[in-house]
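Some structures to go through are shown next.
Each of the two complexes below includes chain A, the first together with chain B, the second together with chain C.
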Partner chain A sequence: MPQLKARTISKQSIRIHAGNMLFLLPTILLFTVVVLIPFFQGIPYSFTNWKSIISTNRAFNGLNNYRYLLTNKFFLQSIGTTFKFTFLYCLSGNLVGLGLALLIHRSSWFNNIARTVFFLPFTVSVTAGAIVWSYVYTDVYSKLTGLVSPLGMPGQVVYGMVVIAAWRDLGYTMLIYIAALQTISKDYYEAATVDGASVLRQFTHITLPLIVPAFTTNITLLLAWGLRTFDLPMAVARNVQEGQFTAVYIYDSIFSNAKAGLGQASAIILTVILIVLTQFVTRFLRGLEVES
Partner chain B sequence: MKTQTMAVPGPAGQLRIKPRRTLGKGLRIVLTLAVMLIVVLPFYVAIVYSFRSPGTVTANRLAWPDQPTLQNYIDVIFQNKGFLTGYKNSIINTVPTVILLMFITSMSAWVLARFQTKFYVFLYSVLTIGLLVPFQCFQLPLYLNWYNLGLVSTNVGFIIARAGLQISISLVAVTGFIKTVPRELEEAASIDGCNRFQIFWKVVFPLMTPINITQVVLNTLFIWNDYTTSIILLRDKASHTLTLAQIIYFNENTAMLNQAFAFFVLSMLPILILYLGLQKYIVSGITAGAVKG
Partner chain C sequence: MKRLLALLLTGIMVLSLAACASSPAPSSSAPAASAAPGSSSEAELPADPVTVHVFHYMVEGEKAAAMEAIQDKFTELYPNVSFENTAYSQGTDYFAQLETAIASGDMPEIMMGNPGMYSDLIDEGFVMDLTGNEVIQGLGLTGADMGDVSYKGNWYAYPVDFKTWGVFYNKTIFADLGLNVPKTQTELLDICKQLKANNIDPWAQWYSDGASVDIEMRPILWTKALQNGDHDMFEKLMSGEKQVTDYPYFREALESWQLRIGDWARNDATSNDQTAANELFVSGQTAMLYQGTWSYGSIEDLLKDNTEFDYGFFLCPTDDTGADPVMNVQVDQAFMINPRSEQAEWAQTFMEYWLTDCMGMWSDGSSQPCITGATTENTPDFLKTILDIKATGNVSGYGEFTLPFSSAYTSAYRKALTAFASYCCIGTPADGVDSVDSCLAYMQELFDEEYAQANL
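What follows is the complex of A and B.
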């Protein structure tokens, strides 16, 4: 009886999928309420002249917000600052992390202690860490160099924050690089040494190609973190115009300056930039990965 | 740079090449120590400040205080209202959130790891969209919805929101873990007549203990230190967590800096203990490709 058999199978598969939905339901429900619904609600706001969020007065004004933002000095400056910060943070966070990983990727009691110490900053909140750093700048940096803290200088505030961000996250990138380095078989190096390859050549021809997946993870991660950075400038660069990131511009527009529609439009622009850039960089880096 | 290639006789008499050293061992240690010094410098500064008698500002700010005192700590704990409220809120907001996340993500990740048809793959990519979309994109509608529901500045409101925001990150890590767990045990349990709920709670969930501990520790770290969500959803002072209370304390009390640093040290203490105690779970969670929230 083929027909009956087919029916029982489909009945069984309905039971399985219904069971699956029970397992998935709490997650889907929570995610829908907290992320999905607000995400779709937010898009139309960006096409309105909504001012203060206390009022419900808002009218559709087409692409006006976007047109305004693309010529607005402060918004464009915040995008520039965010890019500059993200690029330097991504670069330094990865270089230092990789450097440390190369130094201590072998297991020994000393290296294990060093790893514990290097990850320590990551356990502190960004805001608290940044505030402590503002005192490191005034009490240590200024004393040693005789220079003013970078956080107080419009031209240097971004560099001051790059140092703080790299300090906090170097342990994170380091751990990912160490894990990658530990997967490389020693045989490769032994064979290369027999063939007379120099250390530098071994590094560029064996180590680097084999840890490209770690580069992909770390670069994509720091890129995404960097572009959405909000807490760092809120803690230590609130009063310096040159230190305002796009995420801060969005917050101020919506919650302080009564420009909700405009703030929402700038948030959409930031989201598009973030998605396009991270997808592009990930694809590019994936293309460089080799099979080991 | 020093390169050493040493040929030493191997066990069978043939020559074996010993792995070369890129840098001398001494140089490696000196370099590592130098970076360690820079990395711990902010912690040292904070601790020195926090042990100085209240109100004193000395010429040499980096020197260890002549008469270290616990007075700042006592003042913060017993006189600062923001501190105790902050501690209470941080604990009430963090603990239920990480437990809730542990249960719901392990349940959904099991299904998403075991079923690879189009529907489930699509569902997975929707649920992990939080990795790409920044919070700034939907903070306003979320705030308004929470406001209309009376959830702004409440612990319940924060727990629901923060758990929802953490789903994407947790799901990637937990699903990745379940894919490495063999199905045989589940199949055996099924043959023994267990239904799917029994299979999950009696067989799968216990097998997930390592990843669940990792998730609990990492999520605690992220949620305890959260600022971006807190500043939007916790508007009343009475609902402030330690992260928010700390910033306000530092900005308002520049004259009592030593106490502010004691506040900082006390705020990071629980996470520090958690980190030092459960370090291996953090390391395994991160290197498995987990991502920050």
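What follows is the complex of A and C.
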């Protein structure tokens, strides 16, 4: 049986990593104070019957909140809706972003302008974009097609929101894909062309494997953004069950419904789901990465 | 390292969600109110600058502007007193922001809202008990009006104006087609049919907004429940003692509303918000708009450049008796005082000044009917008509119920009604709702959910 060789870290490597970590320190400190500490402070509340956040009365109720949530139809529905939205948003945001990147990754004045135009929606707030889109659906889509706006049509609300979310973020994914595409040496394509490889074959055997790191970034980001989507359903689907994403469920529980303990428990469940899922997807995608 | 960074980034994004409820509630030893300035007539000028913080949900421009004008007038009287206003939309984040502010110890002096809707604030001691307040007593309000600003028998808010709802109609279209204001439900439905036959959409509906579906129910629900002595209907539904099917008014209200929707809903009925519906109505694309009086100012604003548009208002007939419809009344703008805030007494002085010296100014600026019935030479006929109907006493007020729906129950109720509206307008079942019965069942299921959560 081969002996495992102890991994040695050189002093220089330690210095480099320490230097990198130093740059992150302000952010890590801020994150710790503003998010991490409150998060851990909040965990005990998920085991209480705390109602309104202005109330000082709360009693330990064990795992009641978790037991209730994990068997509750509406909470599970909210998770299902969130997953459905996230999957479609992740898929469409990446596919369209990649498609655009392939079209305009080479530098030219037209492509530079096009990149700016496609990236512009990302600078718009989700709420503002969603409200504009609700008018586009009603005043343009409905008038042109005679159909009901997807935001007002049972069964289509999630799809309507996927379009809005993907429209906003595809410029971001596009930029990451463009950056990845620009790092691929032309030599690979020239060699493949000489060998008679078709464009499709070059794409599947050269381009795709070499931009996997961009997939990792984009998919992980959109996965996290999708699972925690809150402002979009709040802006355009407040009163329909289809707009009841998990983040909205958490918000409603804590604030509108004055069930802070329950809301805290649902937030922790979502956090666990998110960390596990992100970790799984990241590991899987990292496994596909190849050295250029 | 890369994996660590990826995890770190993800963590930053998601933990912020979970951390949102973990701020501890303030202790009960909040700062006491400053020295009492006394009543508005005898208040002395403050030696030090005073800032009164107002939390409100008057996101409509004209109302906020009217309040600011009153604040300016108050500041002229008391130059050291200034105001800081914070506005949020009631339907989305008003209460969340208010609670968060209070939980973090940031105490606004004046908080807009009907006390019954915000009972947590009262139970936790963040609302001043105004029972027996001489200024409020001097307004001579009805029991229903006072019920809207009361909780468990005590007064907790200063009422400023009230709201009702009904049908705004395009007089020109009605005149062109020889239509008269309907006296019965059948006449109203005939009008809808005639409009449709003439290729005119009867209604500008706005069912993406929870308030819209709610007010469609009220003429029957409130009126019938109160006429039958079910003053504790909402209280018993929330306590789980009764179910929606125990009150036939829910069914009647749904059936009547379904008839009004008919088969003439526009394809934007379920996606319009009230601004879109108001615009449709004033642009002459629809003949009628079921709307609340709070939109009167916005409609007038839209008509600034269209002086030829002629419209009227009638209360929606919901039966065929031909009797005058009962007008629903609910206190609209009401303001609570936070006794733990620094300038609570100045806030009280300001509110009493508003109620005694500035009601006409408020009505003119906000285009709302004052709770006292105050008018000026500028008061439009529309508001005078509303005030006249209220004065007849042919009203059913939300304040006559022992308790209003809490925000959790209101949200559940509106969700079921929105599903029903979607089904009626489009014909596609929404959330399993495809009939009056399934709507009632869904509503009860949502109520049961709230009840179960409350007892965790």
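A few comments on the model shown:
Convention: the second predicted complex is superposed on the first by the 260 of 292 C-alpha atoms of A that agree within 3 Å, B and C clash if a C-alpha of one lies under 4 Å from a C-alpha of the other, contacts with A are read in each partner's own complex, and residues count from 1 in each chain.
Here, contacts are C-beta pairs under 8 Å (C-beta built on N, C-alpha and C of every residue); 3 or more make two chains touch, one makes a residue touch a chain.
Only a predicted model underlies this, so the values are computations on that prediction, with no experimental measurement involved.
In the superposition on chain A, A:L227 contacts both chain B and chain C. In the superposition on chain A, A:G152 contacts chain C only, with no contact to chain B.
Once the two complexes are overlaid on the shared chain, A:I250 sits against chain B and chain C alike. With both structures placed on the common chain, the touch criterion links A:F74 to chain C but leaves chain B unconnected.
By the touch criterion defined above, A:N65 lies against chain C but remains apart from chain B after alignment on the C-alpha atoms of chain A. Shared-chain residue A:I54: touches chain C; no touch with chain B. Residues 20, 28, 31, 34-36, 38-39, 41-42, 45, 53, 135, 221, 224-225, 227-228, 230, 234, 247, 250-251, 254-255, 260, 263-264, 267-268, 270-271, 274-275, 278 of chain A contact both chain B in one complex and chain C in the other.
Taken together, the chain B residues at the contact with chain A in this complex read 1, 3, 5, 17, 19-20, 22-23, 28-29, 31-32, 35-36, 38-43, 45-46, 49, 61-62, 103-105, 107-108, 110-112, 115, 120, 123, 126-127, 129-145, 160-161, 163-165, 167-168, 171, 196-197, 200, 221, 224-228, 231-232, 243, 246-247, 250, 257, 261, 264, 267-268, 271-272, 275-276, 279, 282-283, 286-287, 289, 291-292. Residues 17, 20, 28, 31, 34-36, 38-39, 41-42, 45, 49, 51-56, 61, 64-65, 68, 72, 74, 134-135, 137-138, 142, 146-149, 151-155, 216, 220-221, 224-225, 227-228, 230, 234, 236, 238-242, 247, 250-264, 267-268, 270-271, 274-275, 278-279, 282-283, 286 of chain A touch chain C in their complex. Listed in rising order, the residues of chain A touching chain B in the complex are 16, 19-20, 23-24, 26-28, 30-31, 33-39, 41-42, 45, 53, 96, 100, 102-104, 110-111, 114-129, 131-133, 135-136, 139-140, 143, 167, 170, 172, 175-176, 178-179, 186, 189-190, 193-194, 198-199, 203, 217, 221, 224-225, 227-228, 230-231, 234-235, 246-247, 250-251, 254-255, 260, 263-264, 267-268, 270-271, 274-275, 278. Across the complex, chain A is touched by residues 1-3, 6-28, 91-93, 95-96, 99-100, 102-103, 120-121, 123-124, 126, 207-210, 213, 267-273, 276, 406-408, 411, 414-415, 418-419, 422-423, 426, 428-431, 449-450, 452-454, 456 of chain C.
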